[in-house]
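As structure tokens, here come the structures.
Each of the two complexes below includes chain A, the first together with chain B, the second together with chain C.
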Partner chain A sequence: MAEASTVPKNVASEPRPSVRSLLLSAEVDARLLGLIAALVVIWVGFNIMSGGLFLTSRNLWNLSVQSASVGIMATGMVLIIVSRNIDLSVGSVLTFTGMTMAMLQTQWLPESLLGQPYTWVIVLAIGLLVGAAIGAIQGFIIAYLMVPSFIVTLGGLLIWAGFAFEEASGQTISPLDTVFQLLGGGPVGSLGEIASWAIGALACVGIVYSLIASRRRRRRYGFPVRPRWAEGSLMVISVVVVLGAVWVANSYYWPAALAEQYGKGLNTPVGIANPVLIAIGVAIVMTIVATRRRFGRYVFAIGGNPEAAELGGINTRRTIMLTFVIMSTLAALSAAILSARLNAGVTGLGAQAELYVIAAAVIGGTSFAGGIGTIPGAVLGAVVMQSLQSGMVLLRVDSPIQDIVVGIVLVAAVGTDAALRRRAT
Partner chain B sequence: MSINRKIAALLGVAAIVLTACSSSTASTKPSTAAASGASAAGCKVGVSWNNYTEERWAKWDEPAIKAALAAVGAEYISNDAKSSAATQATNIDQLISQGAKVLIILAQDGTAIKTSVASATSQKIPVIGYDRLIEDPAALYITFDNKGVGKMQAEAIMKAVPKGNYVIIKGNKADANADFLRAGMVEAGIPANAASATGDIKIVGETYTNDWKPALAQTEMEQFLTANQNKVDAVLSENDGMAGGVIAALKAQGLAGKVAVSGQDGDAAALNNVALGNQTVDVWKDARELGKAAGEAAAQLCTGTANDKVIGTAPFTTPGKNNVSSIIIAPHPITKDNLNVVLDAGWITKAKLCAGVDASKAPDACK
Partner chain C sequence: MNEPSMSTDPVVPPPLPMTAASTKASPSTKGVPLVEMRDIKIAFGGVHAVDGVSVDLYPGEVIGLVGGNGAGKSTLIRALSGARPADSGEIRINGEVVSINNPRDAKAYGIETIYQQLALADNVDAAANMFLGRELTTRFGSLDDSAMEAATRKVMGRLNPKFKNFKTPVKSLSGGQRQSVAIARAVHFNAKILIMDEPTAALGPAETAQVRDLVSQLKSEGIGIFLISHDIHDVFDLADRISVMLQGKLVGTVDKTKVTMDEVLAMIIIGKLPDEVTQTELAGLHG
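Now for the complex of A and B:
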């Protein structure tokens, strides 16, 4: 039922078939479509301005890895913002858990557990648990002690950054465990050609199956279904996009110098990077949680009308607390990816990440008024933000100008969204 | 109360560091403060830290200042402004009311502090601007040669790569140091910008990096490598944290160790990268030298020595056009050939410096 809230509802007053009514009958989220259009414009624009550099497999592959950590956190931020809260602490939680994991795998774990093939599992598990615990503490204070989330997480922003500093007295902890580093991607930390195609094929089967299953289910309950042409083209487009993405990842070859070091032949495809696989996995799980599970429906119900949700018998406090547990756990997951990628635990790792995460969620259509937002939108929002940033570095735009552009885009995106929504209702 | 607790904790740290370093400091040049003799005995020297939670001050600077003062029997008092210019103004008044005869100030804000400095000098209390510039002609300026750091970075990299494609990763735009360092690079012969490059060195990428963030430097480097199809021969990174990000990006392309990379700060991880051959130069500022110079200068000021008569001072014109006396300490460029300098100084342990270094390719210091 959550998708009902994300699709504009004015089907009535439309006399002739326009693009708008076609989209409506195909049940495509117009906001998501707008975002994709914006992304295409940005990509093509950068590609022209960079003389064809932007749309190379290498740059797109880089972009996918660079977007992964913010994308992962943005999926959690959607649930937080949808339920009318905010989490300003994600950047600091990321820094703290990242530093914790770095210290674990270099100093804190007993000698016998260091440098083992399974060390990364222990480190990651503890890191995620620490993240969950932080989320539980903050969530408890917010949900049960009724302290506004803005204040609690603002405190968290200061507290966890401070703890992160104390953990290592401000030092950089490097190098990290060699297996753990694979979480961060790079050609070594990628799936390779065959596994990437296999994942792509699996995804296609999943898409086709879920579309058919949902059509059957709707028919059984007598709900309206999409016209056949819409269903068909949606299926084809999804499959083409998935396979296209795999193809791009597989057309990026191992850099010559690195291939030589690892004894790989020339033109060995890199494939999908581990962090990207993790991000896609998170996005799928979070989408299911948000739209197909009771918990997700509760979150949207609370955001839509907290009083009604409470009177309707929803345990709002437990639900809210859980959203914060999820958020901080995802921040810990991002911390693992970012520090593995950098091959170091550093005190500034997550500085200002909260701003990018919130911006990604909001650009992706999540509304501060509560009750509205989608996971795929937030992930796309993260890709838009990262595209702007990476593209501008490619064009050698200096960082202050980058900040200005990203800031303008953020306000413009939300402004347009608000204007469209006003017209639609 | 918090000051007492802090001092108690610090005495412990200071004792450990001092015993660890005593053997190495003995080998450096003889103490100049000894010349001014016992007349500084009992003189109270007040130190105003701007943000004591940064690791460096407690670990390196403060013990060095204390040792230099203790050598002449002067007394050390201090407080911490916790990154607030307003708190620092109050703190300085407190130090004066506690009887400080000389002030050493690590300014939070070199301009906002001027009122406090003027009030101190009107009470005939000499002021030392420590590490950061204070725009007041009456303040003695003791610092590292920041422009020199940039120059040393550039010189070491140009020695390794005399001609080729250079990428320049600068620090935070709002931090004047980022531009000082860049100016130093120009002095060494690096073009001021991509357009003015005419000689052997071509700038193929240059950017500031918000908050000197290593992860951001990594992304920037990935983009520069993409833009130039990996045809990058050298990277001038202004500090060690960003150098770490640059090296991570190079590693993903199999280029770590093949592209020259600079840094500064003497971070353990960066020095390890120098030993591993991934980083070409790490310009190291030995904070203990700075602390020692400040302590010795304070001891001389205690005896009524004028700023420009303090041993080792030279005139310096500030960016604000003030003529001040200054002691400018040269940093040390550390490459794989002189890693023993940081080892001998007790700055880093051999285990940390040489972690993961391949015995066959090990620099002398790791053998």
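Now for the complex of A and C:
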């Protein structure tokens, strides 16, 4: 539509370097940097306090698996909160869809479909559809019947937990399909050494390619681009982080007993766990949806100014409804991972998950005022929450004290964020 | 979408209210009007916010729509922009009856609106606002931010050459810069009919002058403009004809060159046309 040649070239002049302008010219998100700094402090702190137990490949690998389910749901919660809504039902939706999938693979599916190599696909597909349907119902009531999301999903919290109890009469459903179990991780449900390195290499290529492509695009239009040093350091740092993470995952070996049972040698690297791979995939897709698609742009516009979005001709109701469909589908995906890891469908599977998911999104910089939030931030927020918990478990902190600490951290994080935001404007 | 429909009224177009017909229009108003709004009625609960108002707009013409607070100006115009469809009445674009039920319908007829509250999403940048609801996408269906930024830079280069903040959320921009983003949206999408609701309310003197220049420029390009304003000086400077509303009804439409500012004030305040108002009443306006 627009000709590149007509754009004036003199749009940017190099600013004098200071720490602030360096960061600005590198276009690095300061909030995200702060979150990473907080995470480093937490990790190093716990490592010192636990006498070196925290920063071990085993603990970090466990941390990654434990963060996966909350991380997956937090990406959906970002869209919900950005558009000025809330979803309190994710924990109960998780429990209900988890129980549904457990019942499907143990009792409900016809005998001929059980125990097949493809059984997990059918179960997962139905589970995700059930999640999407729940989201559609709740989203419809919120967007079209204009019942506040707080109320609808508070009702949903009770309703879906109740259904989850009813469909299995409160029993624990176990064991699950052996292939389905691989979704939950564990050494068996992980990629192994070679595939992990391959994924890592692929990720590095992807990062470098997208940075170069975006630079080329901006060049072509004559827009200001990041300075070369910034672009270069960003590439190097990203590649080091990705390969470092793969190295950590591959430094965790199969426990001796399990290795023997599966006929593996000693010192067999476990590699990236399946749930972590799924979470990374979800985070990438959701980042694209949030920043590169019309739908995501509309979610943010609605959060920034609902009236402007409406006047701009955006179908705001459909957009809001879709955010709830995505949220509940992601809750179903997390349900598959959690029940696969437990090897059971249980009635308490998602209890209080909504609180951790909302906390992760908010710690990750999502604002309740609407319009502000990032997917990578929310995933990091989930890792921060999980790090706190798992660190306190290592230090043998009692569970009630853990809750108190997590609560305080949540309020403090949002308080700090709000204070910084006020100063910035 | 272009199918004529709407009109809950009988087939015969309703007659103009007496007051509106009593004043002759300026010479430019010949041929088919760009916009005709006939007997528009809009009620909120029991309150008739707009009660049987008829106005029209010709290409290259600026209609100043004035009246006190609550006179119904904005409500009338929201029926044209699709923000709040009329309860009854008829809207014709280029002589054809149209149905405008939402902002998308209005945009399809080349109607662009600059709202009083600017209607910008504060948390996204200028390009995202300019293309809000009409984003450019690549062949993979993803947002083509570079193309949108380029188009925004191009339009801004014309409207407000000093504008530089293409990457920051519009929240951090000044009132004038925000206004130029809103206007850029209308200009870029080749508006044929432009609605400006208090376009200078939030602006300083220099920025107001800029908006005035822009209105003249758009007018010379044959765009029809509805200008809603509290500021009678603004209206006298820019408008060709002035339509006055009082308590939901149209007092009348007058040719700017044939009335004085006091006579328009009399229409706004006491609802009397220039040939009805007495000298004492005119003098009383300044009492």
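We adopt the following convention: the second predicted complex is superposed on the first by the 407 of 425 C-alpha atoms of A that agree within 3 Å, B and C clash if a C-alpha of one lies under 4 Å from a C-alpha of the other, contacts with A are read in each partner's own complex, and residues count from 1 in each chain.
Rule of thumb we're sticking to: a residue touches a chain if its C-beta (ideal position, glycine included) is under 8 Å from a C-beta of that chain, and two chains touch if they have at least 3 such contacts.
Predicted model, so just to flag it, every value in this text is computed and none were measured.
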item	value
Touched partner set for A:N59, first chain B, second chain C, both or neither	first
Touched partner set for A:G312, first chain B, second chain C, both or neither	second
Touched partner set for A:A164, first chain B, second chain C, both or neither	neither
First (chain B), second (chain C), both or neither touched by A:I141	neither
Partner chain(s) touched by A:G186 [first = chain B, second = chain C, both, neither]	first
Which superposed partner A:L333 touches (first chain B, second chain C, both, neither)	neither
Complex interface listing, chain A residues touching chain B	50, 53, 56, 58-59, 62, 66, 165, 169-175, 185-187, 255-261, 338, 341-344, 346, 348-349, 351-352, 389-390, 393-394, 396, 398-400, 403
In the complex with chain C, residue positions of chain A that touch it	1-4, 6-8, 11, 217-218, 220-221, 223, 288, 291-294, 297-298, 300-301, 303-305, 307-314, 370-372, 425
Chain C residues within the chain A interface of the complex	81, 83, 102-104, 107, 113, 115, 117-124, 128-129, 132-137, 141-143, 146-147, 149-151, 153-154, 157, 164, 166, 169, 171-172
In the complex with chain A, residue positions of chain B that touch it	53-55, 59, 173, 194, 205-215, 218-220, 222-224, 226-227, 230, 240-241, 244-245, 248, 251-255, 258, 267-270, 272, 355-356
